[in-house]
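Shared chain: chain A. Partners: chain B in the first complex, chain C in the second.
Up next, the complex of A and B:
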């Protein structure tokens, strides 16, 4: 172990690549040496070929666009409703007493348990999917917005009162900026959840096109290469959405002069 | 005047300002943040209100639901009357179907969670204690985490088939991710000052891990376990919706296929109730764990 201590930070960065490359090498060996006769063990090249075919096809891009449109519309509907509800819950004691306990019970119901009910109420089309996505995005936004507004440091409120801020001024000038990091956490979670829910909605409300349907196609036709490709794409899209959210968050924080988390 | 001001009931703990400092401030127009002056006589009424208010919304919704079905705003097929759902629920309980399915679900979630939690804690601890392990594993782990459970489902379906192993693997995967990340974070945020003290006392590596790092890591670790269980419960429902022949998720799918929405709603209510119970249980344990600690996990870092 003593040799390891002396590694430079440059070589440490490459260590992360060891495991994936080893895994791909073993996979390649396994598929070429015929260790398993199962048709499910496709070779890495086959996946690459399938990936290229998919990327150059129109159908794939249409599926991605359909998924993303759904995801973003659900996200915007869900987060706008969530911000309103969260602000009401966080700012009004009265509203909190009326709605808070019901909401806390409601959010315990596992998200995907709603799918069968939604499919009866809204059908299998885009309306049902967007309704489900909004629900997925709504819950984390409400919880975090409400939490953020509640946990504004009391001394900030005290200062606002000393300066004779009106209630409205206090909310706009003190409480919202102080709650911003928490609100962002909520939005961030909502983005993650809504992407997960997009896949779920496409998986469980099978109709139309989307990246989730590509996945199901592959699964139904025992095409492991297509399944693997769709998985990677889903992971990449999720990662890019996260990265985008992080950039926006940092921008906003700089705008408000808040130290990043 | 100043006395009257301090005697006013505060909705939060006011920071203690130096006395003379307060006096020198210009007389600020005092706006009460909230109306808190409740006359003594209506104290009982206020108490009553506090306990009844949370029930108002559910009752109104229930009333609307009842009215909507009664007046025929919605057909019974789309929204069965509440009494019908209640009937189905009590039938499920008395016939024992509920227990069989709930037990099947609980067994899956507990076993899957136990598997995922052990993997997560070991992985997180290994990465938290050794920089080398972290360098090798964390990037791959982070890449795999990007793929949600639902995207793993078709892959696992092909590899494991539709049997029980599929459910355990997916539930374990769902639980592993947050537990690993929280364990890693918990080990990283070991209090620097205490470690320094440990070094001054000549603690061995093992001693400082057991005596300093672990106790400080407990709250964050527990948050991870809690998150992991929530995720496990979420994916249990998904897995049972997609592929199962018993369990609470299966009840939901079964009711949906037969268009018995009363069964679907009864099962959804049970899923929500179990989720609520689990959440309360974790809340209770967390409060016991945090008792006698100086603040929460954040304060320790």
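Up next, the complex of A and C:
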């Protein structure tokens, strides 16, 4: 008999599951064989039971809704401001000379370094969190919008000149569409960053509800099952937002004839 | 001197050899050329002879030069819809389909939207792309993209169409076919065409006159009349003689 196992495309697709399943199996063994007496090692079943309790509770859904609302509010405020600022920086040399250096310095400040200032200005509530999230979403949008508008191919701008486009027609008809892939990269990053920042904000500006607070609850009460469940949820939400952004990005790339990454 | 058509009067152009440097590079030196309305002019020359620069000046993309460029007796100022262009790279907007790309040419025309639509359709048919009206640039071949660019260049019904090595990037077969099509379009539209090329065969095949340029500084070496009936036959002995005559200029230069 041949020792070579033919790998079908189907089985190849499931290869990515091997590691997580093995990890869960070892985890299950560890908790059932009593390899550790620590109360912090909870069994997979315990996590599953907690997960079920959470999913069927109102509290959990309120937390998720609070986090998502916060995330999307921050995302929309940050990207809106980011688009305006990015367009101004990318389109006006004058504005760029005036504001560009300050912005470039500003973006070097680590996001989390803003937390003390934000908590002093806005407290620990939703306003502070959304302000922090907006900041997280703002920077990548500004940078990519501005870069996209600056790197419009000069060849295409010449076409606009040949056909007598006004400044406004050039911006709307050539520069913005040419910059769109780059602008989209900014929005995509903003979506990813703002979810990361949502958890960060909930963790560091502790008050109110949110999936980050569920995480803190679990850790404060040594409920590792709750911590693990919250981590899985955070990962799944992040994954979903990422997947959503990728679908939009692919559609746009197809329209532009760019091969998907 | 002709008072309609296109006149180039003592055109000279210098570039700073390096940005900020005072030493200047003479790119064009005293170019004189009268082009009759409806004439097909081919400009050939080795790279660096300033032929594409000359086209940019006529197009109005570059306004820093000495001398005068007159269309119908009036000096040009900047770009204008009476001068169309087909670049070597098609320069279509990737986010617009074929129809919308051709319509870019009419963005600032005075036509009504119904007239624009008809004119666009008409020109797409002229270049034979009526089945690809909804296709995006990345979905069509290089030759087809160049036809779209030709349609876009013609859609304003310019009095002069400038062609900057429009077929230079295409394969030999597509190129020969498009040369034939270009000649038919020229005969049909009866407009002035100025073709810049480094392909002597193409220059003789299409031109009423062939302007041979030479570099350092860029200037006209001589102008040949191509007195052959159209469509021209590349294996005709007179065609071959003319082509070899032009080629001999290049042999001397190298």
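Observations on the structure shown:
The definition used in the following text is that the second predicted complex is superposed on the first by the 241 of 261 C-alpha atoms of A that agree within 3 Å, B and C clash if a C-alpha of one lies under 4 Å from a C-alpha of the other, contacts with A are read in each partner's own complex, and residues count from 1 in each chain.
Basically, contacts are C-beta pairs under 8 Å (C-beta built on N, C-alpha and C of every residue); 3 or more make two chains touch, one makes a residue touch a chain.
Model, not experiment: these values are computed from the prediction.
In the superposed pair of complexes, A:169 makes contact with chain C only, with no contact to chain B. In the superposition on chain A, A:121 makes contact with chain B only, not with chain C.
In the overlay built on the shared chain, the residue A:109 is in contact with chain B alone; chain C does not reach it.
Shared-chain residue A:35: touches no atom of chain B or chain C. With both structures placed on the common chain, the touch criterion links A:230 to chain B but leaves chain C unconnected. Of the two partner chains placed around the shared chain by superposition, chain B and chain C are both touched by A:155. By the document's definition of touching, of the two partners only chain C reaches A:180; chain B does not.
A count of residues in chain A touched by chain B and by chain C gives the higher number to B. Within the superposed three-chain model, A:52 lies out of touch with both chain B and chain C [touch as defined at top]. Within the superposed three-chain model, A:61 lies out of touch with both chain B and chain C [touch as defined at top]. Residues 155, 158, 161-164, 166 of chain A lie at the contact with chain B in one complex and at the contact with chain C in the other.
Chain B contributes residues 12-15, 25, 28-31, 33-34, 50, 53-54, 56-58, 61, 78, 132, 135-140, 143-144, 146-155, 157-159, 233-234, 236-238, 241-242, 249, 252-253, 255-256, 259, 261, 264-265, 267-268, 271-273, 275-276, 279 to its touches with chain A in the complex.
Taken together, the chain A residues at the contact with chain B in this complex read 1, 4, 12, 15-20, 23, 40, 93, 97-102, 105-106, 108-117, 119-121, 154-155, 157-158, 161-164, 166-167, 195-196, 199-200, 203-204, 212, 215-216, 218-219, 222, 224, 227-228, 230-232, 234-236, 238-239, 242. Chain contact summary for the complex, chain C toward chain A: residues 59, 61, 79-81, 83-85, 87, 89, 91, 93-95, 104-105, 107-108, 136-139, 156. Considering their complex, residues 155-156, 158-159, 161-166, 169, 173-174, 177-178, 180, 255-257 of chain A touch chain C.
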